[in-house]
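First chain A sits with chain B, and in the next complex the same chain sits with chain C.
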Partner chain A sequence: MRRRWAAALLLGVPTVFLLALFVVPLLSMVVLSFWRTENYHIVQEWNVGNYVTLATGGAYVTFLIRSLVMAGVVSLVSILIAWPVSYAIILYGGRYRLLLTLAFAVPFLTGEVLRVIALQGLLGPLGLINAVLMALGSAPLRFIMYTNVASAIGLVYLYLPIVVTVIYLSLLNFDARLIDAAKIFGASPLRAFVEVTWPLNLFGTLIGFALCFIPCLSATLAPRFLGGPNGTLYGMAMAQQFGESGTWALGAAMGVVLFLTSIVAVLLVGMRVNLRRTGFTGLGRG
Partner chain B sequence: MYITLDGVSRQYGSIWAVDRVTMGIGKNEFVSLLGPSGSGKTTLLRIIAGLEKPTTGRVLIDGEDVTDLPPHKRGVAMVFQEFLLFPHRTVHENLAFPLRMMKLPAAEIAERVAWVVGILSLGGLEKRYPNQLSGGQQQRVALGRGLVGRPKALLLDEPLANLDRELRQEMEVEIRRHQTALGIPFIYVTHNQEEALSMSDRIAVVRKGRIEDFAARTDIYDRPRTAFIAQFVGRSNRFEGVVEAGGQGIATRCGAALSLPAALPPGREVQLFVKNEKLRLEPDDGAGAGPNRLPCTVKDVILRGAYADYILAFGDRELNASRPRSERAFLAGEAVIARLEPGDIDLFDTDGERPS
Partner chain C sequence: MHATLKKRLGKYALLATLVVSYLFLYLPILHIGLGSFAKNHTFPYPPRWTLDTFGRLFGNSLYQTAFFNSLLLGIGAAALATLLAAAATLGLMRHAGQRAGLYLTLFIAPLFVAEVLVGIASLIFNGLVLELQGNLVSAILANAVHGFSYALLIIATQLYRYDWRLDDAAMVFGASPSRTFFEVTLPLIWPGLLGAFIVTFIMAFNNLEISFYLLGATPTLPSVAWGALRYGVKPELYALATAVNLVVVLGLGLMFVLMLTGRASFGHRPERERAV
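Presenting the complex of A and B:
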């Protein structure tokens, strides 16, 4: 009886928490997305006008596609960087492993705005990189001045620590002696990686991908400070609906679109993966 | 010799984990590396496998110097203590792995996997994943993965340590049978003397990175070359003492008088070992102590099934005797005479070597 109470308490608290702070706001957003706003007032009148606008009007589809590409590229680049970095920490970190992983959290000690602005100071026309280049008599790098590349660099910089941490944890739980076993049975180091290391860390890599992809999809700060005229992303446009334009209902509809897009993206990736083939044992016996 | 280790050493920092090991292993031999944990036996095995590089020395397999060859080019296989099956692969895929790496045609892979499934009675488990198997089944798959590629040698690193006793004894017989059938050398690392004794042709006793002795299993047990082996292999009673005038007898520190198989210079300090099963027990006839006659009191009897272990009080020390149950049984509190023959004594100098 006491155990049942404990279970109810331990599972009940997070359930209430999630319902109150996640599901209810989400539902209210869905409701709002089917109303409309007029002159900074919410009009409670059911319609699908917001979704029609998003599907046909303005550059919203462009923004969404750009956001998807941006989030995809940023996540892939982050994973490409995070893998060797995490692997190196596991292999050579020795007793400094924990310290090195904690070092990745250092940027989080300042705020996101501050980090993006610092990056602006580095990449911009008068930033450190181009100032040095010009002082040396070379032409400035135009592709990092208020472009989508600059946005991508900023997003990689913002979310890389998370991806590294997730892949590091995955590798930490990975029994590296399986690599020895693969080598003994005839696999070259590269083959051992393909046969054993990669599939057994695929699950962790996908979590890293999702944790980078989803926030990138709704990124607002990096494109705003680094992106320039052609750099508007969906999340940034959405934030404007709630700010300057005061078209909250349209913003809510954009939020719903983002939410559904994220879910579809995660499902698409998730369905292609057989958890068993990643050594995931949480499925139990049988 | 089929496998030759030539002056192999491995240094970690300032410690020599393996220290100038030279040994040869024949093509049909079952060899055990027996030693306490930390003695360097696993490092030695990993050097043969190619997972560790020796600091100095050479490794030869089938006449070829493989010292600088990576593990995947050596053609040896290994069975690990923790099994190390690939968790994301089914039993069939685990067994097929070495064959796929050898790039064999699919038909031959299927045939060989079927063969190994047969000899290890793994039928019906091919589609399961390792975590859906019992420990014993996982062990068989690990053994099968080791045998399926018909390696030049099979290296076994404490493969039975994680199994319970009954399963272990069953597997001992089976492993030995596969070795005989395949005719390849098995090199078996263990700290368990029973495993080493039950399976091996020869046993190498490893201590502090060195081979203390490498000899037939009966020699290791019956004629230990050093005090360490006498202590480590089998269970023994240890005595310390001084050779008496005349050189034929020894007065031990605990007050026993023992007569020696061969004369030694008087006054020499020695240590002696008498295996527990060599101590014979007789009812006390009242004749008292004499050479090789130690009057004791039974303190405790531990029933082992086929035999009984007696814990005896001799003066203020304990002696251990192990007697078959077919003999007369003694009860706790009984007075007995523990007897031994001069030939039952293994005698060493204080530094652990046989006196020359």
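Presenting the complex of A and C:
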């Protein structure tokens, strides 16, 4: 009897908390997306006008495609950087492994605004790179000032730490004796990597991909302060509906689109994975 | 001979990537750090040292109010997230049974929803259903939702290896469940809880994307910084970023020292040292 009370309390309270403050708000966003806004007032009238606007207004489609490309490229680049980085930490980190990984977490924890400020210090017209170039007497690099390239560099900067952490954790829990076994049986290092290390860490890699792709898809700050006139992304346009333009219903519809797009993208990637073969070790209940 | 050369090249390539990544991450931070202590703040090479910027930052009453609001927001969200995540982890491991997968999916779902969506959805819910104006409490609650999942993961890595037979042993010898918890479980799992608290605190303290939509007119450090950033970067922002970076480095440094001296393990398992 007492056990059942404990279960109800321990699982019930967090469940109610998440339902009330996470699931219900998301549902109310869905409801609002089927209403409309007029002169900053919300009109409770069921219609799909917002979605029609989003599907036919050329700019919104462009923003969405640009966001998808941006998030995809940034996630792939982050994974390409994160793999050698986490592998190097695991192989050569020794007793300082944890410190080296924590050093990656420091920038992640200092908040997006402050990191965007730091990035402007690096990439901006008066930033470090261009100042060094001009001090050396050469012309400043135009492609890193207020362009999509600058946004992409910024997003990699913002989300590389989390990808590194996730892949590092995956590698940490991976039993390296399997590589030794493969090599003993005659596999070359490359083949051992392709057939043992990579597939067994694929699950961790995909989690890293998702945790980078999702926030990038809805990025609001980096494109606003680093991207130029052609750099508007979907999340940034959505944020404007709640700020300057006051069209909440349209913004809610954009939120629904972003939410569904990220779910579909993650499912598409996730469905190709056989959990049992990719190093997924269960829920850790003993 | 050929093989060792190849191996060594591989090693250097890996280490070079590592070094370049650290440079990429830390150059901007060091650059603005130097800039915030220099008169010539846009290009401080060589720096002409000054503490004026920090003086202006700490003397500014807007930044002071914002700092205390951020502190409140961070502590509230972190305490709530850690408490709930600890309960959820214990529940998942001890009581969930068949439905563990279902609960786990709900509990980590916030990780897979962008922060800005959490913020906007809460804004809509508060505005339309509860008819609330922006306030600090809504921001604390919404940040706790996001922090909850991170806290859950951190605490779960700590509890993953916890030996529940210790609890059973205590109860066999007549300890009540609450006494077992406070005298056996808690002393063994507190590093995980502290780690979760520190991380969720730092995240909520620095959060803009969730808080921005819920705070109304309440200033926090990130929202003040955002406002100033729109009108161009000022040296005070460099100083602010540097101050926050220093505090975060100190916090994580403390965790690391505790770990090195063996006082706490924060989910790190030395027995699995030889994993790769």
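FYI, the second predicted complex is superposed on the first by the 277 of 286 C-alpha atoms of A that agree within 3 Å, B and C clash if a C-alpha of one lies under 4 Å from a C-alpha of the other, contacts with A are read in each partner's own complex, and residues count from 1 in each chain.
Note that contacts are C-beta pairs under 8 Å (C-beta built on N, C-alpha and C of every residue); 3 or more make two chains touch, one makes a residue touch a chain.
Quick caveat, the model's predicted, so the values are computed rather than measured.
> Putting chain B and chain C on the same copy of chain A, do they fit or clash?
fit
> After lining up the shared chain so the two structures overlap, which partner does A:A105 touch, if you call chain B first and chain C second: first, second, both or neither?
second
> Quick one: classify A:T220 as touching chain B (first), chain C (second), both or neither.
In the superposed model, A:T220 contacts chain C only, not chain B.
> On the A-aligned overlay, A:M29 touches which partner chain: chain B = first, chain C = second, or both, or neither?
second
> Name the contact category of A:D180: first (chain B only), second (chain C only), both, or neither.
Touch status of A:D180: first partner only.
> Taking the superposition as given, does A:A88 touch the first partner, chain B, the second, chain C, both, or neither?
second
> Looking at chain A, does chain B or chain C touch a larger number of its residues?
Chain A has more residues touched by C than by the other partner.
> Is A:V196 contacted by the first partner chain B, the second partner chain C, both or neither?
first
> Rounded to the nearest angstrom, what is the minimum C-alpha distance from chain B to chain C in the superposition?
Closest C-alpha pair between chain B and chain C: 8 Å.
> Please report the chain A residues shared by its interface with chain B and its interface with chain C.
Of chain A, residues 175, 189, 285-286 contact chain B in one complex and chain C in the other.
> Of all residues in chain A, which touch chain C in the complex?
2-3, 6-7, 9-11, 13-15, 17-19, 21-26, 28-29, 32, 42, 81, 84-85, 87-92, 98-100, 102-107, 109-122, 124, 126-128, 131, 135, 157, 160-161, 164, 171-176, 179, 189, 210-211, 214-215, 217-218, 220-221, 225, 235, 238-239, 242, 248, 251-252, 255, 258-259, 262-263, 266, 283-286
> For chain B, which residues are in contact with chain A within the complex?
49-51, 70-72, 76-78, 80, 82, 84, 86-88, 97-98, 101-102, 129, 131-132, 145, 149
> Give every residue of chain A touching chain B within the complex, in rising order.
It comes out as residues 175, 177-178, 180-189, 191-192, 195-196, 199-200, 276-279, 281, 285-286.
> Would you pull the chain C residues touching chain A in the complex into a rising list?
10-11, 13-15, 17-18, 21-22, 24-29, 31-32, 35, 42-43, 84-85, 87-88, 90-96, 100-101, 103-104, 106-107, 109-118, 120-125, 127-129, 141-142, 144-145, 148, 156, 160, 164, 177, 199, 202-203, 205-209, 213, 222, 225-226, 229, 233, 237-238, 240-241, 244-245, 248-249, 252, 255-256, 259, 268, 272, 274-276
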